[in-house]
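Chains here go by letter, A, B, C and D, matching the order in which they are written, and residues are numbered from 1 within each.
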Amino acid sequence: MLLNLPFITVVIIMALGLYAMLFKRNLIKIVIGLSLIESGVNLFLVSLGYRNGGIAPIYTNAPSTNMVLPTPQALTLTSIVIGVATTAMLLSFCMVIYRHYGTLDSRKVRRLRE
Amino acid sequence: MSWDYFLNHSPALIIVIPLLAAFATPLIGRFSRKAMYIWITASLALTEIFSIILLYGVHTGGTMVYVMGANPYNLSVPPDSGGIPVRIILTVDSFGAFMAFTASTVALAGGIYSIACEHSQTGQEKYYALLLLMLVGMLGMVLTGDLFNFFVFLEINSLASAALVSYRIDKGVAVEAAFKYAIISSIGALAFLFGVGILYGEYDALNMAMIAQRMKFTDLDKIVMALFTVTLAMKAGAIPMHYWVPDGYGKAPGGISAMLVTASQASLYGVFRVSFTVFGLSANTLTLGWFLIILGVLSMFVGVTMALIQHDIKRLMAYHAISQTGYMLLGVGVGLATLGTAAFNQYGLAAMEGGIFHIINHAMYKGLLFLTAGAVIYRVGTSDLNKMGGLAHGMKYTTIFFMIGALSIAGIPPFNGFASKLLIYESVYQFNPLLSIIAMIVSILTLASFVKVFHSAFMGPKIYDVKEVPKSMLIGMCILTFFIILFGLFPNIAMTYLVGPAAKALANPLEYIARVLGGGA
Amino acid sequence: MSKIVRTQASFLYTFILIFGFYIVAHGHLTPGGGFQGGAVIATGIALVVVAYKFDEIKRRIKKTSLTAAEGIGLLSFIIAGISGIGVSFFYNWLANSGLLFGESVPYGINPGYLNTAGTLPIMNLAVGIEVLGGLGVIVLYMLHFVKGGEGNAA
Amino acid sequence: MSWWNTFTTPSGFWNPLVWVLIFLILVLLSYLIWKRGESSYKKGGMQTDPFLSGYGPESKEALHVRAGNIYWGFASALKNYYSLLRKIHTGIVNDYVGWYIGILAMMLFIYFLWGGF
């Protein structure tokens, strides 16, 4: 059960993120929801590679060779880097939208429709 | 530095060249504008040449495997790895090479076109760096053999495209479009990554060939299948997840709209690759095939009816892009639904060929149409069709290019749209006559809606005193027109060297798997 | 900000830079690497940006040098990758060669040697330079609106 | 299958070169027929003006049909369909995400029900 705890957390975080993306009307909150989903996916990847009692997969002065899988951590790192770029870009879009529209309400930021 | 060297290393070089060019562009642009234009054009042309080398290599030697950082370059399964492919593996089969050729051709046209079209804009060095990065994303998506790597290139592609959509701020409206596009593509990419994580947890592998071989098709795999197919169909712009398409295509600069078409098709490639190669051996392909067919028919019909009532020239064309994507989904979906039965050789393969042929045709003519729309906006300054009229008086070449594109998209012989549509109609008719009839009605409505554009923008009395657009924009349009007429008059060239091998490679995942897991021999 | 904050910020700035470059340089031995080290350096830039007035920051940190760092970092990364193209792209030709970063690593648990791993430390360095430039530019642009710019972007 | 050959489809064939040849012949034929027509036509006379119950012709600018008015009949015949589509295309970013999540959930359901054999 304790080993399943990270996966339960993943589900909760992703559900919160989805809630924010579906029902929050502020564009910044939508970006926050996206970041939450991303954290959930990252946590999911890291938990996949965990081995019971394993240590970080680095050979310098390691006490034992029982190590967690390094590949999911590399994947997580890549995903974090991409996430930083995405979030920075989305937030700067928000800033430009606010400057031109004077609002961040998603019900008003819709000059493009049909 | 012999011919063999370039041939063997072409899968990596085709990605490296635009990547290097993208990173060097801001530095070169700081010194001289002119040198930067030459640099961009040269690197795009070199990419195009390498895509042709790639086509040649795949045509003569079959599926190519390239392992980054390995010694030798094609050692996908090292002797001490226990039969598991390691490192980033690029796997180029005929379908991948075909898509790479399409993407780099449209990028070449869009890049040359942009030189004049964006001449007076600021921040051009970033524009071209992003344009090249977008090309890198597309090429990486279609050439990689690794699911995680696919996700990385998908993100590179969508980030660069979103930034480019917002390039002309246009009182914030373009940024609104880019925001919507970035949000929807990021959440899609995260769903894709979640699926990759589930597959990794199940099968300890990220390589598509390895996963396909180990696939047991448990309940978890069904979740992954839904995540992958729905996400990539959304990125390809299938209805009812198409809302970002008119926004993004409609507000991007002209050259970028043309490239966004191929960016969507790279996602379409992902749908087909995942459903045929990864899940095709174990999943129930009938369900998966009908999913694609239903999405395709919906996209075709709703896309074209929405296009009929638009009055913004680029938004109208964006809805047509959705509608044409429907043809590809329909054709390949019929192939997938009949996979493994006797009907596949009877008409399923022909339907797939039609769908795949339509990919390259659509990239060329819709790219051309977006470039002409960009030319109209460049001269008139508005994209509203209600305010246009009589442009044919001043812009003769643009009018001719528009007519070629419009006749081609409507499937009028002898242009290239007719050949692929004919293949789709005939083979789908044998599968289910109703689908074929819908496809024909959609084609008629497409013609009707382009008659509307032609009438209201180019015909009528002279309202604007316009000149012809600059030469580089005409050259960009010329490149795409050349391929439209070539594939229109000689469809067998495309059929023999591009489309036929691509369809066969897609339908036969076992060869793909054997090539990767065979140690790269 | 007050004088205490400003003094502390310029004092800590050096240490943050040193720590960041330590993480970058030991990327092939310890957790961290180019991106993390670059991000740490960018937090140093963020600290300075928070502490000082916008005009003063503009004098101290130049946007053009940051964008140049971004471009140079990316270029040197890709060139490090291309340098192995004689065998294959990203081939680690420096490892175990006896040249720069060319010492061979003993198998199993070991204290870790800086002069190993071939092209990896070079790539880490390149990524570090790129990330400090990129994130620094992002921080500067975003705070430009908050502090010194038009002031209507809350 | 060489490059100039006929392009074969499952139940037919298509050769663009033959099509172009026939098209050119037809163009030539119609030109010949047109050539045999009345040759006393003069440009710019009263002959070219449309006859509107004796009123003078309107200016060309006023006669040009704008894009918004083309296919008005089609759109108004399918009024219900289009009002439904207009209602769906809200332009709110939350709805974009909602449609995607909805289709994802639906497909999960369908794959579990029918995709399992």
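Here, contacts are C-beta pairs under 8 Å (C-beta built on N, C-alpha and C of every residue); 3 or more make two chains touch, one makes a residue touch a chain.
Here the structure is a predicted model, which is why all the values come from computation and not from measurement.
Participant: More C-beta pairs touching across which pair, B-C or A-C?
Facilitator: If we tally the contacting C-beta pairs, B-C comes out ahead.
Participant: Chain B to chain C: how many Å between their CA centres?
Facilitator: 35
Participant: For chain B and chain D, let me know how many angstrom lie between their CA-based centres, rounded off.
Facilitator: Going by mean C-alpha positions, chain B sits 23 Å from chain D.
Participant: Distance-wise, how many Å sit between the C-alpha centres of chain A and chain B, to the nearest whole number?
Facilitator: Centre-to-centre distance between chain A and chain B: 28 Å.
Participant: Among all residues of chain A, which ones touch two or more of the remaining chains?
Facilitator: 21, 27, 30, 99, 109-112, 114
Participant: Name the residues of chain B that each touch 2 or more other chains.
Facilitator: 179-180, 183, 187, 247, 306, 309
Participant: Note the residues in chain D that touch 2 or more other chains, in rising order.
Facilitator: 89, 91, 93, 97
Participant: What graph shape do the protein chains here make by touch: line, ring, star, complete or other?
Facilitator: Per interface graph, the chains form some other shape.
Participant: Using the touch rule from the top, collect the residues of chain A that touch chain B in their complex.
Facilitator: Residues of chain A touching chain B: 21, 27, 30-31, 34, 37-38, 41, 44-45, 48, 71-72, 75, 78-79, 82, 85-86, 89-90, 93-94, 96-97, 99-101, 109-112, 114.
Participant: Contact residues on chain D for chain A in the complex?
Facilitator: My answer: residues 86, 89-94, 97-98, 101.
Participant: Using the touch definition from the top, list the residues of chain D that touch chain B in their complex.
Facilitator: So the residues of chain D in touch with chain B come to 1-5, 7, 9-12, 14, 16-17, 19-20, 23, 60-61, 64-68, 70-71, 74-75, 78, 81-82, 85, 88-89, 91, 93, 95-97, 99-100, 103-104, 107-108, 110-112, 114-117.
Participant: Could you list, by residue number, the parts of chain A that touch chain D in their complex?
Facilitator: Touching chain D: residues 18, 21-25, 27, 30, 106-107, 109-114 of chain A.
Participant: Per the contact definition, I'd like the list of chain B residues that touch chain C in the complex.
Facilitator: So the residues of chain B in touch with chain C come to 9, 12-13, 16, 19-20, 23-24, 26-27, 66-73, 88.
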